[in-house]
Amino acid sequence: MSQSEDPRGERRPIRLGMVGGGQGAFIGAVHRIAARLDGQYALVAGALSSDPARCRASGAELGIETDRCYSDYREMARAEAARPDGIEAVAIVTPNHLHHPVACAFIEAGIHVICDKPLTTTLADALDLRQRAAARGVRFALTHNYSAYPLVRAARAMVAAGQLGTVRIVQVEYAQDWLASDLEASGQKQAAWRTDPALAGPAGCLGDIGTHAAQLAEFVIGLSPAEISADCTTFVAGRRVDDHVQVQLRYAQGARGLLWASQVACGEENHLRLRVYGTKAAIHWDQDRPNELTWHPAGEPARRLTRGMAGLPEVAAAATRTPPGHPEGYLEAFGNLYRDFAEDLRDARAGRATPARVPGLDDGVRSLAFVEAVLASSRANAAWTPLVLPA
Amino acid sequence: MSQSEDPRGERRPIRLGMVGGGQGAFIGAVHRIAARLDGQYALVAGALSSDPARCRASGAELGIETDRCYSDYREMARAEAARPDGIEAVAIVTPNHLHHPVACAFIEAGIHVICDKPLTTTLADALDLRQRAAARGVRFALTHNYSAYPLVRAARAMVAAGQLGTVRIVQVEYAQDWLASDLEASGQKQAAWRTDPALAGPAGCLGDIGTHAAQLAEFVIGLSPAEISADCTTFVAGRRVDDHVQVQLRYAQGARGLLWASQVACGEENHLRLRVYGTKAAIHWDQDRPNELTWHPAGEPARRLTRGMAGLPEVAAAATRTPPGHPEGYLEAFGNLYRDFAEDLRDARAGRATPARVPGLDDGVRSLAFVEAVLASSRANAAWTPLVLPA
Amino acid sequence: MSQSEDPRGERRPIRLGMVGGGQGAFIGAVHRIAARLDGQYALVAGALSSDPARCRASGAELGIETDRCYSDYREMARAEAARPDGIEAVAIVTPNHLHHPVACAFIEAGIHVICDKPLTTTLADALDLRQRAAARGVRFALTHNYSAYPLVRAARAMVAAGQLGTVRIVQVEYAQDWLASDLEASGQKQAAWRTDPALAGPAGCLGDIGTHAAQLAEFVIGLSPAEISADCTTFVAGRRVDDHVQVQLRYAQGARGLLWASQVACGEENHLRLRVYGTKAAIHWDQDRPNELTWHPAGEPARRLTRGMAGLPEVAAAATRTPPGHPEGYLEAFGNLYRDFAEDLRDARAGRATPARVPGLDDGVRSLAFVEAVLASSRANAAWTPLVLPA
Amino acid sequence: MSQSEDPRGERRPIRLGMVGGGQGAFIGAVHRIAARLDGQYALVAGALSSDPARCRASGAELGIETDRCYSDYREMARAEAARPDGIEAVAIVTPNHLHHPVACAFIEAGIHVICDKPLTTTLADALDLRQRAAARGVRFALTHNYSAYPLVRAARAMVAAGQLGTVRIVQVEYAQDWLASDLEASGQKQAAWRTDPALAGPAGCLGDIGTHAAQLAEFVIGLSPAEISADCTTFVAGRRVDDHVQVQLRYAQGARGLLWASQVACGEENHLRLRVYGTKAAIHWDQDRPNELTWHPAGEPARRLTRGMAGLPEVAAAATRTPPGHPEGYLEAFGNLYRDFAEDLRDARAGRATPARVPGLDDGVRSLAFVEAVLASSRANAAWTPLVLPA
């Protein structure tokens, strides 16, 4: 469990800035939680919105000092590069079309970059960024987050170790339903920019989640397809980008595959699944049960590998914060208690006598009354024993 | 998503201290992640170990200033209470037998308390704490974390709203296998203290996880049993506390139930399950799939409720940080990328030319090459199109 | 697959009679399908109802000759024993209170018995039957059918072979909801007799399904409990027998267990589950997925054993009629086609020009059109190929 | 439950013949069980093998009289058509290449046909059969058995009733692994003919299981694709037919789909799955859990429909023989008891004193001892009560 903390001593947090992610944004908040989780970053600057007032308000909420709330990302890049305590890295969480110019600005300033996917809206822009980053010597992280699940990393290690033999079949799919109707017409912000080619690029569902599916498959099997045959469809009338994608895949070594991504698959929330079949074994992973990996060796029973279990590849253990059987939401449930109790404490600070939001001493008292009654009953050969709760 | 951030402005983080949780401890790290998750606490003081050197080393790792690393929790309580910037709350994550004296010290100092469960090792101590906290006016949180899962809160709200009718049957179980053999004999630290009555109290499995099961059932149905019949067993020879507990439950309103907790159930990791059957419906929740709640109305098909879905009780939505279909580990996978990239950045700081630990520009380039090939193929009526990866 | 057929040649079917199971009965029809499944019985006589007209009508439906339709089971026993072609065995599918006198009559006549469970309504009657059958030398089968699932037999063999080590924990449950309300008041026949102590005996849910759960556990682990502590409840007002049973189990070798049977568990259909934990491994079986057995060896991943897979105990293979992956309902789906086509053929016999009830030549034509289009498309490098359906 | 029996009286069984299905065959045995299940057929003639000795031996096992065991199906068609008690229908269970000539022979003789799929090996032959059957007025059933599962029929009815709205997406797959290696080289009979184009036709995996997947999708949604793009692959070196098929589907009303069939998908047994997404709801069915159908209305929780539950379409209820919660293998488990007891009875016939193969009186005695101990314990407020088993 202690991997998340620094065994070496001197490791001060990385100074981080953020572009995008102001009030009402989705992925920016996710990036901030991720940055806080292990205490290795300090968010100290931001161009959270191009609207100055909103930028400051968003920054204030996050404890960013006013003079480091910028409404222009170019200014932020210049100003932060010039400060002795300037940011060391920037997280770019804007709509897709801004990834390229924002990344350029920070790369030019010599600041490392964490960028949400897809990298850019065109291949030419992606190549341009790659060349600039190399020239300037900055590090660049692209948040293909699904490949960071412990059991996805285990899967990759197993394929690399030859446990599947030669890969023959790849089945990958990412199904959602949130764009099954014309949500963008309602003005919903996420739907609006993700279906606007000017902001999202020419690929809709393809760019938004098809790229995740493709990266996941490639990450696990270590191969890109050599040849594809694709059928992109737009089911919702008037939509300007694809909302459903089917792709046949052929790999140079002979494997075959299917990739399916859809944003109109009724009832699917964020259902990402990967199945890989080799000559020696198959593996199945499903985001719906992210703590499990099914490993099916040829001619033997399927095995259920679980996060944290003995014998998994080391990369999986290194990506794990909770013990086996405790799903990863365990930490969030714990976080819920802390968050709720922070509210209790703020009420206490302000002298408000509010009822507790979390379990407390009464719960502890009841629990001990239960323990003592159970022990007494068991000592008396399971005699029925009243559970008396002290008033 | 934005509930995790402060919409009001001035809300500086709560100053937090910790007692216990030094190097090698388990639950202390969990508490720290929980405290960091929403950015609402700052860990500024600790009595992380009674060994002074270890205390300082643990504190340094966590960025606690040396003069606020205490080797005596009593001194910590006094000193922090005296500082103008002293801690506002303390998290107690020691073995069970210390919960009472440590909590007393901080309560006396007027410092709010977050305490791991079980509250104390005896009912008398629990009652004593309750009285002291009331007298001193401090807030007290007991981390019965399972009741903070969004769908557990939804379940409670559904029962409270009468959606189950009258509760008839409660089935709750918490099964583990980590003490199936004599692990304490190996010196494993967690096993050693949890099976030592002097440190853990007289209840073994009962106190460690039986209390969680009991609290979970009570939290959801809003009732404590009136009468119990219990059979506690010790399966592993030489063990000084119970490792297997079975309890029959009778409730005053007529319901019946079974509680099973075991630490010797071969193959079970941390398997906590609750099923409640009422006259109008049943609900099932299983920590193995924490993002789901099965709701089975009488005479109708079972429904799968998922975290984040429209129509869930508000308490569930308020405890949710990720969208439907993204399991809660989604945040941790994201956190893994941030953590790994922090390593990359520290290498960059130090001038080390290491290979990237996270997806980067090459991945972005491949992704865009894929996107453009898919769009080209689709425009050409799904013609086979080579996927050319720029060198 | 061919176990179901006779490899030896001369094996004519067993001549079978039935007592009970007339029109409107449930379990009698199940016994008849079971008897037909492998073609090893011929149903030639019956006392299907004590009402003579109903007895004859029920017999006619089943192709039993009129002179072998009896309205008195005693007469049937006498008459069949006297015929040279008399029945060799009788299936008793009456309400429980008749099991004893009916079985006595056929045992006295030297006729073998197949009896639905529970054997009798009192232990004294059970002992009496055992003594009579031994004295007369007849064979006696009690249809504890759940122990005849292939994977239940595999589980028993695995325990017997020591694959679980010493059994420590038994969890068995059988949950239904069909008696969650006062169904007997509606006159529903099954509910009426099963809740009437005069017909069902003093045990309600306990006798009806609790005995199945107890037998299943005993069958698999090969042990009966030495000592029990039981809490029987009647939830539905006015009901004269228990409808919910909880039992703590202690075994002589030290194992502990819980048995739960309920007929008021809202939403449960016929949910029978067994979990056994030993020192070396655990096994889980669930009637909801009868073709699977989870085997969890200590310290290793859980394995999913499936019916028909290589390496299962021989007893499981011997009880299997369909290949792996084909659930047992596969046969029934096939049977549905045969049944529906029998209707088509009867229409043809009678000269009725009805539309076909089953797939036929048009389906075959469409299927071949699909095959040829797929082959043509594949030969043309997956070119889009119209699927032309011949008129 | 009583649909399986004839409510009208006079309905004598259909006289049935069989071509193919001699010793060692697979699908013939399945057809015979299906024919026996409801007692509506009598198997009275057969050309079970073209080898006369094997034909007679196979017939003897099945109780077919010697003079109705034919080694030539043409002779069988002529002879049976000429008998006053000749067969009314024939089941054709030969390798694919014989379906056409055998069906021709019986159609010409005016005998109704039940034929295993695929209908023929070419579309031309299929059209020929259709024309002949129409001309001669015989009924023809093609055993697309998967469409006879109760919940598949429910799915079709739900789509037809508009519960899905307009179908947008079809995902169907049938995955096996039994041909993942060169099994035909071992001489295994099933593998040998199914991979021989002369016997199976030009389509391998496509004809064997791809046609099932296509028919299942079509059956449920009521539409054939208008246009397909297919990629057939042969993974196993030397194999003469495809063993892996991927097909993109386009429907005239705009829906898109993917069909995947494979016989080299490591770890898959007979895994047939269908998912259909419409504008109003989605449905998912999986042969691995055939008694369930997931129905996911847009914007609502997914519902688990189970076989036999109230409210399902009538066609599903009509195809059901067991109550809800009893999986269809329930009948087979029952059948296992009957089959095993038939062995006991044959031993009794022959005077062999063998141990019983099925539960019997000792089990009944133990069960009643358990019942009486439970009742006694419960009456004594759950006092521990020894379970004394009468010797």
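When the chains are written out, they are named A, B, C and D in that same order, and each has its own residue count from 1.
Keep this in mind: contacts are C-beta pairs under 8 Å (C-beta built on N, C-alpha and C of every residue); 3 or more make two chains touch, one makes a residue touch a chain.
Since we're looking at a predicted model, the values are computed, not measured.
> By mean C-alpha position, what chain is farthest away from chain C?
It is A whose centre lies farthest from that of chain C.
> State the pair with the higher C-beta contact count; candidates are B-D and A-D.
The comparison resolves to A-D.
> What is the distance in Å between the mean C-alpha positions of chain C and chain D?
Measuring from centre to centre gives 20 Å for this pair.
> Can you check how far apart chain A and chain D are, centre to centre, with Cα atoms defining each centre and the answer in Å?
About 44 Å, centre to centre.
> If you average the CA atoms of chain B and of chain D, how many Å lie between those two points?
Distance between chain centres, rounded to whole Å: 49 Å.
> For chain D, what residues touch not just one other chain but two or more?
In chain D, residues 229, 231, 248, 250, 268, 302, 306, 309, 382, 384 touch at least two other chains, as defined above.
> Give every residue of chain A touching chain C within the complex, in rising order.
Result: residues 229, 248, 295, 299-306, 309-311, 382 of chain A touch chain C.
> Quick one: which bits of chain A touch chain D in the complex? Just the residue numbers, please.
168-169, 171, 177, 180, 229, 231, 233, 235, 244, 246, 248, 250, 254, 256, 258, 260, 262, 264-268, 277-282, 296-298, 302, 381-382, 384
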